[in-house]
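The first chain written gets the first letter, and so on, giving A, B, C and D; residue counts start at 1 in each chain.
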């Protein structure tokens, strides 16, 4: 049994980490910290954990050494204390945006301030196993992933890997997301009467996750448009791209099939009948799957690639646990077996 | 044209007052005050009013004399300045709970503090036209109504008026409500991920609106249980009551038919076919109708009476404008003609 | 008072026509037909009309002469009997897709069969007043509009009119829609447990409304991707386009301002603060407004134009009544004054 | 490994059985039948099972012998072929209503027709482990439970067991339910535009599940009122009851604590702070927990007892698997460990 602690465990990603790790057969949770809920039972904040654990939130200042440390703090916090955390644990998985970008310059450009620990950027591996499985197996410091970036990067994966799109041409990525993406802290726009039934384009351009897509896909011109819709969990990325010369529908089928065959949490959804013919986040709630689909308009030279995820799972806690499994040599899918629900 | 001002116009009831009064053929809006949104255009807070008015929120301190003053402040505020308001306008309609109860003692019992202007309680008429139409026609000071109390009182109206239930026996009233009932200010429980898809019993007993039901129905033992469900507008009251001796289904039909015939905004919904066979708040969104229905289990001596309303309309701004119409001698339905939408 | 009849009045567009026309000061409804609900009261199907009309659905076979005939039949029906309808009424407004396209060839290409009355295509005017106001004033035969096409065409209107985009370059239009778009007849995919909380891309390419966008905008390469989300009414079109040479943000501001100033039902929504900073269909429920917004990424030469509508109003019945007003010389906004609700 | 087959596996309860049993460490699924989806992959109907099983729906006529047979057919079907099923498997768990009632007379009274296999009624045990754990351990034929009856019976359990209410007095049970309760087959009222945002009282009296409450609780006068609200999974029962003589709040605390301590899937939710203070079905989605709460108005001699469940889990497939575990001597919670999600 390895001992794992979670810093910032009262947020939504922290809650999902708790759920996953409490059921993980190789893990024992040592501490779960929260400044704002200090001393409360975990289940008072995450009510699904009632009767599952009698742990209380502990003080981040009293963090003790452990085998793996998950950081689930608001963006900008982990970089301030990364040396302290590294003294406490040999393995760190940080779910925030702090160590996702390899270049301090790119960080400054997208986050508007200089990085507090730029020397650490190179030591972290970007924590999306479908892109960096082998590196993650060797790593001790793993960054989490942006949920929207994950949906976009996985939609792009088969296309980029098989060179089916021209990386010099712009891609337009439309992302629709649920309300949990904004985190556990509300604001006037998340008040239920104002947030219910929305189709609200909150970021037409310039969403920070764009930087992760540029970094990981190698595509320079990425237009990423973010729209909130009415569900709690889920993100759907729709990539509009131009095919490379000579690409056929057959090439696409092969690329997508290979990609989903190589990755236990990727599935291809492209049915001719039934209700669920295309990737949909609805049925992924709570699951670590990412569902992929595509369409090709040969006449207009236009490819659409779709990826659906649960933003808190594949887009956050799920990928983080998958990385932990790889890093520690466990089976990649361990503790991540929940398949999702139907109906939901 | 009469000149009307609204104090506290940035809340949800204030917004509905603005919508109704901007379209009212006999009314001109003089001022709409808001401390928190001072200087902003009305449409920046109530986006449905864009291109309908170029008014801005004004300072409550600079309120000027007018013909009718609507008060849409948080509970407890109107009673502190009622004398000032009365100096400014000959007619006042207060939507808060401050002047709904006739007895200072009852007020203290349910609101936990003594009333700041008890001498004013007698001067106000309880503003539910279906209960006090004639008094309202003569009144200058009208209280608004509690939305849940309104659903309950209207469900009870045909039964009480025709003496079909025994007022000495307890009634159980289950009320299901949408999220707008809590007002425009959010709290952790109204954050969309936490409020979405709830069936949340937030008040099993002792909701303050119970006082209005006791006062207006004359029934002493009222158990009122409040449960939040997932919609924005709407309240459904289900009254469980014991019939008086000898009551038949025919008596009930007659009582409900008479009640809805006497009141332009009441409708009886009791169909044998179609989707909409019973009262439902869903189709009342934006409308001033209250829909009534009933069922009688003769074997078990049990009556169920149902009333559906839009809590912001019949349960707040709609009834207030209806009262204004009566008070000023306009047609009772003037400016309240919107029938609601299907589907919605 | 003009006498108006509606054929196919039990569907959703028919229901909205009924709501609008029952409140229209210049109109008397003569007949409302429905084969499937023959003999039922209108309010048994459209429950918002209870206590507003005692009309019953009549037999389409017994249709009598009238001044204006609205056809709200399923696509493909109106063209089969257009000569009979024209004998009954001097003015016809057809909400279906039958007479939207001017070219029989384009019709065949997108609808898969030859048109049954191709000689009528030229006699109809495309019923979007913002594009064809003057023609509509002179017309006797007006087609309705596709709801998605309307959102797309209005998002494109300022750009096309002011020549701010190059019509030879492709545009990508992402449209998110509510469930009422599919009409009143359900299917397995609209069953609530399957349709709730979806982000479901039901048409990546080739939606039939694309033909209306190509015809009306003059842009040849239109990629239109349709995604269902969880709300009942509403459509949001997001247009991704490339600017013409030399276009500046100032040009865009001017074009959008001019467009909204010239059209009573268009509004520009582009705020720096508040919750409602961009166009959103949520607040348009029941209203005939179309809200426009835009953003321009000068560095990447990318324009985003957004249009939000209620698909049953501006996208169907609202535009149809607006056309009737123009055709008969009434004020353009008559009977269409409902501003929408906040919150909703 | 035991071999299990499911008859009628394309419905919602069948889908949940499949999800649970595919992950159950002691079970191998032999056959899953469906007449309407014969030959399709399970995952084409239950999309959460993609990449989890390559089974296809088989013909109910070709059912083979197995260790445990689950019947998830529409009500009325199992009783017609119960002898055939009993020849195929030594252990049967029937999720329909066919064998829930012990008395043929009670069955006829509530279901309107005589039972086709009345001799079998006595051989079945009512499959709610919290009421009949010891009997279930000895049984070979177990009936499923009505979802609403389960919520009601578990809300009553602490009160009945500790004799805290008078069984001769009537109880009023208000139940609010989600849309999955109606099953996988839609009807006009479940079409998303009509079902969304409802508070729809579809059964004021006489719901068939009432019979199970009367049978299991021993209370004769049960008024059960059913209201649909807007969520997919979940049922909340609110019991209004009169306390027996001398009952105190302390008695209630003790009774509820004992009940939840004796039952692994029952939890008491009665918090003074936080968002989740009372039982709510929202957080139980996919989990087998039933959350209990209560309140006591001593002044008015009124007890409220609340139970929240996932109607497809504790109210159907979850309890069925729990019964299988008991019947076969497995750990009671095996395969039922999923704790639910937060947020959701």
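Just so we're on the same page, contacts are C-beta pairs under 8 Å (C-beta built on N, C-alpha and C of every residue); 3 or more make two chains touch, one makes a residue touch a chain.
Everything numeric in this text was worked out from a predicted model, so none of it was measured.
Note on connectivity: the fewest steps through touching chains from chain A to chain D is 1. Taking the mean of C-alpha positions as each chain's centre, the chain lying farthest from the centre of chain B is A. Per-chain CA centroids place chain B at a distance of 38 Å from chain D. Taking each chain's centre as the average of its CA atoms, chain C and chain D sit 46 Å apart. Annotation for chain D: residues 12, 180, 184, 188, 193, 196-197, 230-232, 275, 280, 343-344 touch two or more other chains.
Remark: chain B residues 12, 178-180, 184-186, 188, 190-193, 195-197, 230-232 touch chain A in the complex. Residues 170, 172, 174, 176, 188-189, 193-194, 196-202, 204-206, 221, 223, 225, 227, 229-232, 234, 236, 238, 240, 275, 278-282, 293, 295, 297, 300, 302, 304, 306, 308, 343-344 of chain D touch chain B in their complex. The part of chain B that touches chain C in the complex is made up of residues 12, 15-16, 19, 22-23, 40, 44-52, 180, 184, 232-233, 264, 267, 269, 271, 273-276, 280, 283, 285-287, 289, 291, 337-344.
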